[in-house]
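Take a look at these structures.
The following pair of complexes shares a single chain, chain A, combined with chain B in the former and chain C in the latter.
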Partner chain A sequence: MKNIDSFTHLRGESVYLDDIPVLRGTLYGVAFDSPIAHGEITKLDVSEAESFPGVIRVFTAKDVPGENQIGGIVPDEPLFADHHVHFCGMPIAFVVAETEEAARMAIKKIKLEIKGLPVITDPREAQAKGELIVPPRKFVIGNSDEAFSKCTYVFEGKADSNGQEHLYIETQGAYTYPMENGGIRIHSSTQGPTAVQRACAKVLGVPMHQLEVDVTRLGGGFGGKEDQANTWAALCAMASHLLTRPVKYSLHRMEDMRMTGKRHPYSSDYKIGLSRDLKILAYEATFYQNAGAAADLSPAVLERTLFHCTNSYFIPNVTATAYSCRTHLPPNTAFRGFGGPQGMFVIECAIARAAEELGVPAIEIQKKNLIQSGNEFPYGQIAVSEASECWNRAEEVYSLKEIIAQIDLFNSKE
Partner chain B sequence: MPICFGISFTKTFMNQARSLVHVYSDGSVNVSTGAVEMGQGVNTKMLQVAAQVFSIDASRVRLNTTNTFRIANTSPSAASATADLNGRATQIACEAILERLKEVALLELNLKGVTIELKDEWVYADGLQTELGWKQLVMAAFVRRISLSEHGHYATPEINFDLKKEKGHPFAYHVYGTAIITTTIDCLRGTYEMDSVKVVHDFGASMNVAIDKGQCEGGIVQGIGWMTMEEIIYDNEGRLRSNALSTYKVPDVYSAPKEIQIEFLHTTNDNLAIFNSKAVGEPPLMYGIGAYFALRNAIKAFNPNANPAYSSPMTPEKVLMALYERK
Partner chain C sequence: MIKFILNNTEVSTDQHPGTAVLDFIRYRQNLTGTKIGCREGDCGACTVLVGELTNGDIRYRSMTSCLMPLANANGKHIVTVEGINGDGLNPVQQAMYDESATQCGFCTPGFVMSMVGFSLQHEITNAPKEAVDSVDGNICRCTGYKSIQRAATRVGELVSTRKSDPVAFAIEQKFVPEYFASIPSRLKALSDNLSAVKNIEVADYRVGGGTDLYVQKHEAMSHAKLDFFFDNPAMKGIRIEGNRCILGASTTVTDLVESKEFRKLFPDFEIYYKLVSSTPIRNMATIAGNIVNASPIGDFTAFFLALNASVLLTDDKSSREIELRKFYLGYKKLDKRPEEYIKTISFEIPSKHTRFNFEKVSKRTNLDIASVNTAIRLDITEGIISNAGVSAGGIGPIPTYLFKASEYLNGKKVSLELLPELISIVQSEIAPISDARGTEEYKRLLLSQLLKAHFLVLFPELDEAKILTI
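Then we have the complex of A and B:
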């Protein structure tokens, strides 16, 4: 069956946040964000911005009617910076005006002074300084220490993977309007309507039943709108609540890239031990996750890195440790794979390294160690595996031997 | 490049979903779930579930917006589990309505002790087609004051995890697959092309081949982007330098693999996926990791002395440096 949206997509008729017809009297908001990654706010003067033509109000931390807090797993993320800023792009004020242009012009009139503090961007440095979001996690199966002593080959090394921008085609945004008896209707480009409802209820100090969150569809999410849609919805909902006017904020691409978190960069150490016949007997990995300035979903992402640290392989002795490190980057967040790819990259580096040192193709090690039904994952679950079925089928239907022969031939030419 | 990915939220309590199904007196159906459509095609799958359970034409079913006044306490659309969780909830809701409709059919047909089925919009009694169709059946139920609405609730069974021991059975099931990736490097410039990505992917029994294939292809390209050309740069002051599309490059149609082949491994093992159609959102992204190692192999074929750091993304700049690296 065809995707039911294919007709409206093709004709440009599918409705996204920006396609919702606006009500008369709609106001437009724009966030004013920190230009400094870490510091203490010594002066914040919004009076000139507030008197700019067309501007209705400029909201800051002191205007929040409920709690100035949107942290999901850990309450460590203020909606508005209050006294301190923890990352470049952290919202400090929200300018609401009759037009988007007026709001964007008025932002430049905000006077801000920040006393800079030391900036950490490297997760290993953060870990060394004890800057952890949550206590470290450790998954253990067997006894890797003992097993390494029985290995014929042991290799150690470091593997780093960088972050990734979600780059959903539709940027973040929200459109909110007051309903009767204090209710608010929230259109949000979010993967988590309930998360938006919960965060807005907290910020507004109203029960969740007052807030109707409605989502038609997103122009992409990829995890970037799982937790991080809350900020924009909360800003608009708060302005709608306090001004009893419809308020809309649809981020520009560069605002979105600057102010939102991304896939977590990881820096990792590995140690891999193999028998003479290339069975992986032992594996150790230590993951340093660059969480950014607040927890967001980092603890859950960290956990999935551990769950997938052995990828598709059965390894009887594994010790995997993971640190969620607090740095001064925008809080990193969910991204398709949710920490799993970062864990899998490291074991693949370890295997590639072993293969290169031993002068064998990596596929030989990979194939020999695929997890089989009945094998145990490091977290105790027993596998019902299709790993070898997929591998063998790929070898067969795509004629792997022939592909390799063609590559070798190509590479042997001058 | 083999992959294995566990399906479920690792926070066990999040593995729950609800669906609200209304059958209107004219036989049309409206479905609301906690699933958010973001291009992944989840609404199409939800529609298929309702159409399949009722055995009615897909055109009778409409998917509604995701709304917290209709569906409360939703988990986010994430963890590749959206179709499984919300699909199961929809299935439960539709089956409950279907059971009531079958009882109405018995009354309408004056039958007892026979097996009623709905097939292609007709009521069958003990395998024989009757004169009672979907629309008449629904109207009869309405007139008999039988509820034509249901709120289905689903919570994934079996899963658990003990945080103290870091052991348990956190995933409903795993998704597997293998990709073969080939690449060609321009050894003068360090630029490269992904020639082909050939995959055998474990779909279980795919309920929508076109959508699942689309998810695979998109995931592969996004994964390759992460491993090769997408380079996020923060300076030491924590300022994002790759802050626009001019400084942050994602794969476009020219840098996507020239060829992507997806072979469906059709497995019949019973699993907790909706209609045994395994989750497909996240797993294919990880095939992209293979692109990194394909590039590494190509570099070493040209320059056996090269030993670039294991650091992704493998940008053309890094490739160029490695091609001419000396020991």
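Then we have the complex of A and C:
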């Protein structure tokens, strides 16, 4: 599949955020972020930073003209930490200077005192303490409790999948400048221009039509530049609004990795029940999603986990429960698959476990339980399925039998 | 004044010589095709080509401009993607276009430059494979690499038809524009009125290739007082004197790779060097830099420790030679006064009785630092080990010469039975810590396994199955 901009990409002529020619008078911003995961700010003194040569202003929560709030689905994410910090990397101040270098040096002059508070990084601990982003979600089909009692084999276990950094090669960033009649143009390296527009309008306290979001092309963000692009756009837009100057912030890789959310780590419990002939009759799963410090897109990601909790299999009795747990990590966010992989991983762990215990190849269980047209998913959708055809084709195309034979031969050697 | 040719234009600048070439080309010259992904040499988005005239011969090498000081561009030809663009797409760009090898496009100019650099490379033996190897320093997050691999293979196939001089061929095939033909004479003219970047009496930092300094001291480099060693002619060159091989301090990994004399001493060097960083980093990284950086997981530190190499230190008034194995006093603590610097590194050349091996395990095969590495050198006469040197990295605070293990092997007859005792001695003289690269236990196990790997490689006559069950 060819990208429509291949020609200019290959010649290095495509214009990304940091390639936009800067306007006269452009200022450069850099965020000052929390060094710890959870705490109460007892002292914040930006005066020395503000008097650093080249520095124009240092903004903090009290400077926000509109609402200090950028949460998309749930309004639970302050742009600037106010009295508390909720994750390591949370913006506390935004230094704006005549050069990027001055801004970076001035940051070191900010005096911050924080009283550390207990840190939660484990979603199960958060759930136990009632720290939930949204109420739990549950998908039920059939009656799993009853079905388990009829199963020949029942296995239980725990499956953990960890986070993942997007590492989009272009880091996050924004470049904003005032237009006529109080408007602001926002260039943002975003996948969600509307989210940027909405978040910035809220922070600035202006109607959305005053803000024009410009992004030449989407792609290469892998989910990491949906809601997570809002922060930088809002910081720059606010500075442009208050100073009536162009303001730019293109993050260093280290800042980006430190301050932005990643793929959600999950910790999950499963229980799987099979008949003597290896049909999966019942499945129970509880997902503890590590959402980080704010909702971001977590509730939607959580739902997708539930949608995919039985992967491509038909299971007549399912109870799947999911908790979106508030911890002190940067707010985790969309990432290729959007929660789907975290759901599929758990059922695959359950099948692998059953296969191991029963001494049969996992593919035997997988193949036997593929969803067929007319079967129902746990959320009620009736499947139109090509799963078996697809499976059979793949067996043929990739010569599955031969591959297995080769593996067995290899493993039979010492 | 630093002078060089940037694409097709002579430039001179009085910018601070420590400014990263990347910042100069993007923000001073407004050439935005060269991208910033990491500023740490890891992603390759900032890759440029650096052409250098040596003995009338021009060689181009890929380098990561984020780690390259402006001073190291002095007198050279710096090529960015703008400098290779012709009318439409060149063969690299076309191959990437046809194979859908660009998606978000941010990594793309870096890949293009690495492959164009390959098309200009002198020695080529297996072009399709080597073309793929040439992008070992580039990261792409979109494509999954398969399309890029296909494109590189096509580029390699085209280059394998080359019969003429690399630059002439590259011009003829439109890899690079015509003006490349004029570069050697223009560089020559430039060199006639070139001044060396001023050596500073008391420098904050001495810069070799910059591949450690620009990662560790990024912010300081564009202000600090710097002395530049990379192009210092007195610190270049690989020569053999009597039974010793002498490397100038600023010898790069690529210099070793391209040195026929050196390669003759280590026939398996190709296996080793491919495990070290990436093509552009190897083009910049110097051996003295690796030694003085003193990372406990440095690769050439382990390599040269096993060879019982020495370094020649000088403060320009007096010099002294010190064995590398006595050079490291503690974590990043060296037996070196601040005024002293390394002039040369030397070691006794392996004889026909010498067997040598280097092993490295890291989380990724390419572009990764070691979890554990180790090297071994054994002189063997009539089945008896007359002189042994064993080193390891990642198992303590310094690049470690395993004194006890080496001592144990001396005078022993080569046999399988040496291994259990060797392993237990090694285990007693190492102190790995648990970190991101592995737990203490894992690193201990790794080193034991790598000692077995040494035996497997060095003594094919021993029973493989038995070694594996020790």
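Basically, the second predicted complex is superposed on the first by the 410 of 414 C-alpha atoms of A that agree within 3 Å, B and C clash if a C-alpha of one lies under 4 Å from a C-alpha of the other, contacts with A are read in each partner's own complex, and residues count from 1 in each chain.
Just so it is clear, contacts are C-beta pairs under 8 Å (C-beta built on N, C-alpha and C of every residue); 3 or more make two chains touch, one makes a residue touch a chain.
Treat the numbers as computed from the prediction; the structure is a model and nothing was measured.
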Have a look at where A:Leu211 lands relative to chain B and chain C in the superposition and call it first, second, both or neither.
-> first
If you stack the two complexes on chain A, which partner ends up touching A:Lys279: first (chain B), second (chain C), both, or neither?
-> neither
Go through the superposed model and pick first if A:Gly219 touches only chain B, second if only chain C, both, or neither.
-> both
Tell me which partner A:Arg11 touches in the superposition: chain B (first), chain C (second), both or neither.
-> second
Report for A:Arg137: first if it touches chain B alone, second if chain C alone, otherwise both or neither.
-> first
Touching A:Tyr398 in the superposition: chain B (first), chain C (second), both, neither?
-> first
Which holds for A:Arg253: it touches chain B only (first), chain C only (second), both, or neither?
-> both
Between chain B and chain C, pick out the one touching the greater number of residues of chain A.
-> B
Of the two partner chains, chain B (first) and chain C (second), which one does A:Met1 touch, if any: first, second, both, or neither?
-> both
With the two complexes superposed on chain A, say which partner A:Gln366 touches: chain B (first), chain C (second), both, or neither.
-> first
Chain B/chain C common contact set on chain A | 1-3, 5, 167-168, 217, 219-222, 253
For chain C, which residues are in contact with chain A within the complex?
-> 26, 30, 32-40, 43, 45, 80-82, 85, 89, 93, 96-97, 100, 102-109, 112, 139-142, 219, 465, 468
In the complex, chain A residues that touch chain B = 1-5, 36-38, 87-89, 119, 121, 137-140, 157-165, 167-168, 190-195, 197, 208, 211-223, 225-227, 253-254, 257-258, 262-263, 265, 300, 303-304, 306-308, 311-313, 327-330, 334, 336-338, 340-341, 344-345, 348-349, 352-353, 356, 362, 366, 370-371, 379-387, 389-391, 393-394, 397-398, 400, 403, 407, 410-411
Chain C-facing residues of chain A, complex | 1-3, 5-16, 18-19, 21, 104, 166-171, 217, 219-222, 252-253, 414
Which residues of chain B touch chain A in the complex?
-> 1-6, 10-11, 34, 36-39, 41, 43-44, 47-48, 58, 63, 65-69, 72-79, 161, 165-171, 173-174, 176-180, 182, 184, 198-202, 208, 210-211, 214, 219, 222-223, 225-227, 230-232, 234, 236-240, 242-245, 248, 250, 261, 263, 265, 267, 269, 271, 281-282, 285-286, 288-289, 292-293, 296, 298, 300-302, 307, 309-313
